[in-house]
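Lettered A, B, C, D and E in written order, each chain numbered from 1.
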Amino acid sequence: MNLPQILYLACGLFCIGLYGALTRRNVIGLLLGVEIMSNAVNVLLLGFSRFTGQVAAQAFAVFVMALTVAEVVVGLALVILLYRTLRHTDVDEANHLRS
Amino acid sequence: MSALLVGYALLLATMVMLALFVTLGKNLVHSVLGLALLLCATAILFVVLRAPFLAGIQVMLYAGGVVTLMLFAIMLTRRGAGVEIVNQHIPGRRLPAALMCVGLFGLLARAIHQTSNWPAMRSGPLPTTRDLGLSLFIDHALAFEVLGILLLAATIGAIVVARKRDHGEPEAQRRYGRTTLPREGKS
Amino acid sequence: MTALLNLRPLSLPLEVALLGLVLLFVDMASSSLRYKALTGWVTALGLTAILLVSFWDAPMGELGGGRYRTDAWSHFLNQWFLVAGVLVTLGSQVRVRRTAERRQGEYYLLLLFSLLGAVLLTGARDLILLLLCFELASIPLFVLAAIENGKNNEARLARTAEGAIKFFIVGVVSTPIALLGLAMILGMAGSSDLAVLSHLAPSPLVQTGVLLIIAGIGFKLGMAPFHMWVPDTYQSTPASFAAFLSTAPKLAALVMLSRLLGSGLAGQASLWVPVLAVGAGGTLLVGNVSALGQRSTHRMLAFSGVGHIGYFLMALIIGGALGQQALLFYGVAYLLTNIGAFIAVEVAIGHCEDDQIDQFAGLARRSPALALAMLVFLLSLAGIPFALGFWAKFYVFIEAWRSGHQLLVVLGALVAVVGLYYYLQIARIMYMVPPKEGAERPVVKPTQWLAIALCAAGVVGYGAWPAPLLHSVTVAAKAFVR
Amino acid sequence: MHNLAIQHLVGVAVFAPLATALFLALAVPLRRHGWAAAYVSVASVLVVLAASVTALIQGWGAPPVEFGVTWLKLSGVPVASLGLRVDGLALTMLGVVGLVATCVQVFSLGYMSGEPRPALGRYFTYHSLFVFSMNLLVVAPNLLQFFMGWELVGLTSYLLIGFYYQKPSAAYAAVKAFWMTKLADMGFLVGLLGLYLSTGSFAFNAQQTGLVATATTLALFVAVMGKSAQFPLHVWLPNAMEGPTPVSALLHAATMVAAGVYLLVRAAPLFVNAPTTLHIMLWVGVVTALFASFVALVQTDLKRVLAYSTCAQLGYMVAAAGAGASSAAYFHLVTHAFFKALLFLAAGSVIHAVHSNDMRKMGGLVRVMPLTTAAFGVGTLALMGFPGTAGFFSKDQVLEVILEHAGWAPAGLLLVGVGLTSLYMTRAFLLTFFGAQRCGAHAHPHESPTSMLAPLVLLMGGALATGWFGSSLAAATGHHYHFHFSVVGGAATLVSFAGLGLGLLFYGKAGLAGDERVVLRSLATFVNRALVDRAYAWTFSVVALGIARSCAWFDRYIIDGAMNYTGYVSLLAGRRLQRFQTGNVIDYVAAVVVGTLMLLTWGLFQ
Amino acid sequence: MNWPLLGITVFAPLLTALVLMIVPARTGLWVRLVSLAGAMTSLVTSVLVARSYDIARGGLQLVEDYPVVPQLGIRLHLAVDGWGVSLLLLTGLIIVAGVLATFTLRNREREFYVMLLILVAGVFGVFVVQDLFLFFLFYEVAVLPMYLLIGIWGSSNKVPGAGPFKKAWSILDVGGREYSAMKLTLMLLVGSALILAVMIAMYLQAGQGTFDMEVLGKAHYSHNLQLIGFPLLWWGFGSLGGVFPFHTWSPDGHASAPTAVSMLHAGVLMKLGAFGVIRVGFMMLPEGAAVWMPLVGGIAVLNVLYGAFCALRQTDLKYIIAYSSVSHMGVIMLGAATLTVSGWNGAIYQMFAHGIMTGLFFSLVGLVYERAHTRNVLAMGGFASKMPIVATAFTLAGLSSLGLPGTAGFVSEFLVFVATFQSHHLWWAIPAILGAFVTAVYVLRAVRRIFWGPGPSEEFHDLRDAHGIELGAIMLLSAAIILFGCWPRLVLDYVDRATVDYLPRSLAAQGEK
C-alpha cells in the first residue's frame, strides 16, 4: 500500500468514468461517468493526504465534492429541461445546432 | 498484515469492478445504484486512508444526496410508466472511446511511473478532522464562503431551469401573477 | 483572526454580493410583472454605483495570509468586469423583459453571481480559492444559457435547451479534468498557496497536472480543440447573453490561467509556453478559418471569438509584466468590442426567427447609426487602425515579437486578414445589399442605445487616444508581477 | 542688342503659333465659328513668316547665338535647357517653314471651305500647333528640345492625318503613322540617352568615338528612318495621304518628314564620328529612293504617287547625308520643300475640283484648270530635275557628292531613280491633266479660287528659283558650294529626259491604257503584294496581339487564378472544418479528450 | 506664418467628413459644397506648404510634433520634405478634381464623401508623417474606405470563368463589385500584415523605443532583418503599388470602382504603395534593398511590359486604364530600383505625373461610361463628334501616358530612362522603352475605337459632352498635365532636393554590398 498504487487506482477510475462520459447516450448516464471521475480525483487527493500528511489535499477534497454536487444539481435540472422541451434525454439526438 | 493487504486489494478490485459496472451496465437504475455502491466503497477507502470525516461526507452527500437526486431525475424523465430505463451506449463510439481512455490511462500511468521525487511524509501525526476543520475555516475560510454562494447559485439556478414554463399558463393566471409567483428566491 | 476580520480588501466583491441581496429583495417585492423590470434597473444602477465607488475607493491589501490579495492588477480587472456587467445589463434589458419576463430577477441575480465569481477570482492567490471563484463564475452560466429565449416558440426553446445542455456536458467533463490536474499539483506541492507552488520541482506528474489544467480551462476559454461547444451555445443563446458569455468568463479564465501559470507555475514555463504557443497558433487558425462562410451571425462571432482567444494566448505566453500589459489591453479591447457587437446584433436582428447574416440586409439604410456602430465593432474585431482592436493586436504583436514568437506574430497578422473577410461580409450586407421586402427599421430602446454607444465610444475613443488605457494597463501589469 | 532682336524675332516665330493654338483651343466660340479661327491662324502664320524672313535677313552671316533657360536639374545641377539657337541653318529652315506654312494655310482657306465650321476651327488650331512644333524643333539648341519638337510634330501629324476621324481609313492611317514614327522614336530616345550618358550633354556637337558613337547615331538614325519614311519604316507615309491635301503638302512633303533630314544636317558633327552609320545611311537612302520610285510608278492615287515620290526624294537626301555631305542634303531639302509643296497643293487643287484622288477619274483637266496644270507642270519639272529648276541644282549636287564620297554604285542606282522619277511624274502629269476627261458626269471641274491659286503661284516661283540660291544656302550652313557642270549632273539630266521620253511614249497617246504594259503590270502585282505592309500587319496582329492575348489570359487565370483559388480553398477549408462541428455533443466531448491527449502526449514527450 | 499647415492639410478632410455627418442628408448640394470646400482647403494649404518650403535648406521642414502614445514612442510627427511637397500637391489636385468629377453623384452622396475625405486624409497623412507607426496607420486609413467605396458605389462586370475555372469563379462571383472590393481589401491587408510584422521587428531591433523614421532609418539592423524584411515590405507596399504578382486586385478594383474612387485610387493611392517601398523599404533597409535590387528592377520592368500588353488585349475601357496603371507603376518602381538621382526623381515625378494623368483618365472614363452605359470599346465609335472635349482630354491623357514631350508623363519617363542607362542593369532600358511604345499602341487604339470612326450609333443617344462642373475636373487636370510637362521644375526642384538628401544613404549600402 503506497502512494503510486492509489494514484494508479485514481487514474484508472478516472478513465473508466471518462469512458462512461464518452459513450453514454443518456445524459444521466453521462453524469454517472462524471461522478466517477470526480470521485477518482478525491481518491487521488486523499492518497496524497495519507502519504504526505497534507491537510490541504483533504480540504480540497471537500471542495471537490461540493463542487460536484453543485454541478450535478444544475445538470439534473438541465436534464429535466431537456426532457420537457425535447421529450428525450439522449445527448446524441440533440444535434440540431450545427454548421 | 497480509489479511489487511488482501482486504485492501479486494477493495480496490471492487471499486474498479463497480466503476466498470456503472459505465458498462445496461440498466440506468442499476448503474445509479452501482454508483452508490462505488461511492460507499470509496468511503471505505477513505477510512483506510485515514480520512474518516470525508468518508462520512462521501456517504451522506453522495450516496445519500446525489444518488437520490439522480433517481428522481430518472423518474422524472421516464418516457412512460413501466418502461425499463435502458442505459444505452452510442453505437460506434465504444471502440474510439475505449482507445482514448486506455491511452489516457497509459499516459497518466507513465507519468506516475516516472515520477520519483514524491513529496516526503510530513513529520508529525496525520491530519485529523480537527486539522481539517481548522484548515477549512482559517486557511480556506474565504473559499468556504465562496462555496456557500456557489451552492446558493446552483440551487437558484436549478430551480430556475427546472421550473415549469411560464408561457403555457392560462391568461388569467398571468394577469393575476401574484398568486402564482415563485418564491424560490427565499431558498 | 484579525486578518480575517479586516474585510477592506474584499469591499468590491462584497458590494457586488450586497447588490445581489438587494436584487433578491427587489425581485421578491416586485409583486407584479410590471415591476419586475425594476430588477434590471437595480442591477445596472447598482453595478454603475459600485464601479463609480471603485474609482475613489480602491482598497488594496491582503486577507487570509496572502491567499487573497487585491492590488492594482485585480482592481483594474474588477473595474472592467463591472463595466462588462453594466453593459450587458443595459443591453439585455429589453430582451429579458420580452422573452423571460417572469425570470428577470433570476437572470440578473445569476449574472451577478457570475460577476461575483469573476471579481473574487482576480484577488485569489490560492489554488482552491481560484477554483471556487472560477466555478462560481461558470456555473451560473449554464443556467443563464438555459433560461428560456423566445416566447411560445418551441423551436427556439428547443434550441436553447440543446445549446445549454451541450455547454453543460462539455463543461462537466472538462471540470474533472482540470480538477485532476489541480489535485496532482496540489498533492505534489503539499499546499494550495500559489507562493508555495512556484517552488515546485518539475516532475512528470506535475507536468501532467499542468497540462490537464490547461485542457480543463481551455474548455472555458474556447481554445482549439476544446472550442466545439462555443458556436452551438452562442447560437442558441440570445445575443445579449452571448455578449456576456463571450467576454467576462473568458477574461475570468484568462485571469485564472495568468494566476496559475504566470505566477503559480511560472517555474514550469518551459513546459506550458510551447504548448500554449502551439495552442495559440491552432486556435487562431481554426477559429478564423471556421468562421469563413458562416451564415449565422452568432456562429460567426463565436468562431471569431475563438480566433481572438488565439491572440489572448499569444499575450499569455509572453509572460511577465509585458505579457500582462498586452493581455489586459487586449482584454479591454475585446470586452468592449464584443459586447458592443453582440448587443448591436441583438438590436439589429434579435427579433428575427434566425440569425442569418442576411438579416442585416440594408441595415445602413434602415438605421445608419446602428450600422455605423456595428461597422466600428467589426473593424475593431478585425483589428483595423483607429479602432481599439487594432491597438490591442498591435500591442500583442510587439510584445510577442519581442519575446521571440515571431512566427506566431506573422500568423496572427495573416489570419487577421482572413478575419477581415468574414467581418466584412456583415459590413457588405449592411451596406451593399438592399433591404428585404418589408424589413423594418430596427427598434432600438434607450438602454440598448446607451450600451452600444458606450461600447462604440470606448472603441473609438480609446482607439484614437490609447495612451490613458495603456497607462493604466501598465500600472496594473506591474502590480501583477510584484 | 542686335542679337537680342533676332532672338525676339525667332521667339515670335516660335511662340506666336503656340499662343494662337492655345488661344484657339481655349476660345471655344471662336474656334467653333471656324472662319474666325482660320483668319486668326493665317494672321499668326503671316506674322511667323514676317518674323522669320526679317530674322533671316537680319541674321544673315551673323555668328550663331544661343539663348536658353534651365529646364531640368538633377542633383541641383542643370542638365538640360530649352531655348533658341539662331544660326544660318535654323534661320533658313524657319524661312522655309514659314513660307510653306503660309502658302498651305492660305491654300487651306479655299480648300477647306466646304468643311463644317467647328472642323475648320480645329483644322487651323492643329496647323498653328504644328507650326509651333516645327519651329521649336528647328530652333532647338540641343537634342532634347529637338526631340520634343520632333514628337510634337509627330502628334500634329497624327491629329491632322486623322482630321477626317470619322472615316475609318483616315483614323487607321493616323494611328498607324503615329505608331510607326513612335516606334522609330524609341531610337531617338535611346540615342538621346546614349549621348547624354556618354558625353553628359545633349549638344549636337558632342564628341563621341567608336562603338558608342556608332550605337548612338544608329539609334538616332532609326528615328530618322521613321520620321523621314525610309525603307522599311516608310509604310505610314502613303497611308498618311488620308489627311487633307494641304496637310500632306505641309507635313508629309515639305517640312515634317524633312525633319529627319534636318536632324541629320543639324547633328552632322555627331554622325561624322560614326562612319558605319553613315554607310548604312547611304544605302538605306539609296534603297528607299529606288524602291519608292518603283512603287510610285504603279500608283493610281495621285497623292500616293506624290507620297512615294517624297519617300524617294527623302532617300536622296538621306543618301547624301550618308555620304557625309549634309549641306547637299539640306539643299535638296529646301528645294524639295518648295516643289513638293507645290505639287501637293496643285494636286489638292485638282482633288478639290474632282473630289477624288484617283487618277483614273481625272484626265483632261488642262482645259478647265490651266493655272493648276501649269503649277503641277512646274513642280513636275523641278522634281524631274529639269535644268534650271530648283530640283536640277540640288539633285545635281546630291549625285555629285555621292559619286565623290561613295563611288559609282550608289550614284548609279540613284541615277536609275532619276529616270524613274521622270517616268512616274510624266505619267501622273499626263494622266491627270491630259487625255480624256474621266471624272463622272455629275462632276464639274473648275479652276480653284484665288486663295488657292495665289499660293501656287508663290510656290511656283520658289520651285523655279531656289536652286539659284544654292551657294548662299551652303554659306548659311557653313559650307562651300558652287554650281558647276559635272559628268554625273549631265548623266542625270540625260536620264531624266529619257524618263520623260519614255513617259510620253507610254502615256502620251495611250493614256490610262499605258498601265497595261506587261512590265508595269507585273511591277504592280509585285508591289501591291505590299510585303512590307503585310509584314507589319502580321507582326502586329499575330505577334503583338498574341503576346497581349497570352498576357491577358495569364493574368486573368493564372495570377488572378492563384488569388481566387487561395480564397476558394480557404472557403472550402472553412467548410471542411465546420464538418467537424457535427452538432453531436459527444463528438465535442471526444474533441476535449482528444485535445487533452494531444496536450499530454506533446507536453510530456517534447 | 506659424500656421500648422501640415496639420491643416491632413486634418481638414477629416474635419470636413465630421461636418458632413452633421449636414442634413437631404441637402445634396450642401454636401457637395462642403466636401469641395474641404478638398479646396487641403489643396490651398498644399500650395502654401510648397511655397513655405525652402528648397535651398532642404531636409524636413514645417515640423509639427505631438505625442500620441508615449509608452510606445509614437508621436504625431508631421514634417515635409521635397517629396512630400510634390505629393501633397498631387493629392490636393486629385481630390479637388475627384470631388468635382463626382458632383453629379446622386446616390448616398453624404456617405460617399465622408469615405472619400477620410481616405484622402490618410493619403495626406502618409506623405507628411515622419513616424513609422503613424505612417502605417495613415496608410491603412487610406486603404480601408476603398472597401465600402467600391462595394457600394461601384459597378459590376461579371467574368464567367471558363472550363476548369468555372466553379471557383462562380462561387467567388469574379468581377462583381463586392468581389472586387473584397479582393482589393484582402490583398492589401495581407500586405499590411507583412508591413506590420517588419515594422515591429525594426522597432524592436532599433531598440530606441521610438517609431521616428529618422531614427529608425539610421539604426542598424541585422543582416537577416534586412534580407527578410525588405522583400516583405516590398510585397506589402508593393501590393498597393501594383507590383507584378500582387497587382491582380487592381484591374478588377479599378474597373468596379466609381469615378472619383478610381481617380483617387489609381491617382494617389497606388502611389502610397510605391512611396512606401521607397520611403520605408529602400531608405530604412538599404542593405536588404541592395541585395534584392536586381529582382525589384526586373519585376518592375516586367510590370511595365506586362501591364502594357495586358492593356492591349482589353476591350473594357476601365480595364485598359487599370492595366495601364499597372504598367506605369512599373516605371515608378523601375526608377526607384536604379538607385540614381535621376531614377528617384523620375519615380517621384512619375507618381505625380501618373497621378494627374490617370486621374484625368478615370474621370473621363466615368463620363463616357455614364453616358454610353457601356464600357465595351468595341461597341463604341465616333464619340468625338458628340463629346469633343472629352475626346481631346482623353487624347491628352493618353499622350501623357505614352510620354509625349510637353506632357508631364514625358518628364518622368525620360528621367527613368536616363536612370536605367545609368544603372548597373542597362538591359532594363529595353523593355521599359518598349513598354512605352506598347502604351502608344493601346492608348491610341483605344482613342481610335472610342472617339474616332463612323459616328455613334443609335443606342448612344444621350451622349453629351462634358459640361458645367465636370469641366472643372477635366480642365484642372489637363492644365496640370501640360503645365508640369512644360515646366517640370515647378515640382522637380523639390523632389530633387529630397532625393539628394536621401539617396547617398542607400548608395552607401549598395557600396557596402
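Definition applied: a contact is a pair of C-beta atoms (placed from the backbone, for glycine too) under 8 Å apart; a residue touches a chain by one contact, two chains touch by 3 or more.
As the structure is a computational prediction, the values presented were derived from the model and not from experiment.
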Least step count from subunit B to subunit C, where 1 means the two chains touch: 1
Joint neighbours of subunit D and subunit B, given as chain labels: A, C
Chains linked by the largest number of contacting C-beta pairs: A-B
Relative to subunit B, chain with the most remote C-alpha centre: D
Greatest separation from subunit C - chain, by CA centre: D
Closest chain to global C-alpha mean, per-chain Cα centroids: E
Whole-Å gap separating subunit A and subunit D, where each centre is the average of the chain's CA atoms: 96
Whole-Å gap separating subunit D and subunit E, where each centre is the average of the chain's CA atoms: 36
Intercentroid distance (Cα basis), subunit D paired with subunit C, Å: 77
Computed distance of Cα centres, subunit E from subunit A, in Å: 64
Interface hub residues of subunit E, defined as touching at least two other chains: 186
Contacts with 2+ other chains: residues of subunit C: 128, 132, 135, 139, 142-143, 146, 157, 164-166, 169, 173, 177, 187-188, 190, 192, 204-205, 207-208, 231-232, 290, 294, 421
Shared-contact residues (touching 2 or more other chains) in subunit A: 7, 14, 17-18, 21-23, 31, 47-48, 52, 54, 56, 59, 63, 67, 70-71, 74, 77-79, 81, 84, 91-92, 94-99
Touch relationships between chains, expressed as pairs: A-B, A-C, A-D, B-C, B-D, C-D, C-E, D-E
Residue numbers on subunit A that touch subunit C, as the complex places them: 7, 14, 17-18, 21, 27, 30-31, 34, 37-38, 40-41, 44-45, 47-48, 52, 54, 56-57, 59-60, 63-64, 67, 70-71, 74-75, 77-79, 81-82, 84-86, 91, 94-99
Subunit B-touching residues of subunit D, taken from the complex the two chains share: 586, 590, 593-594, 596-597, 600-601, 604
Residue ranges of subunit A in contact with subunit B within the complex: 1, 3-9, 11-20, 22-26, 28-29, 31-33, 35-36, 39, 42-43, 46-56, 58-59, 61-63, 65-74, 76-81, 83-84, 87-89, 91-92
Complex contacts: residues of subunit C adjacent to subunit A: 127-128, 131-132, 135, 139, 142-143, 146, 154, 157-166, 168-169, 172-173, 175-177, 179-180, 182-184, 186-188, 190-192, 205, 231-232, 235-236, 290, 294, 299
Residues on subunit D engaged by subunit A in the complex (per definition of touch): 578-579, 581-586, 589-590, 593
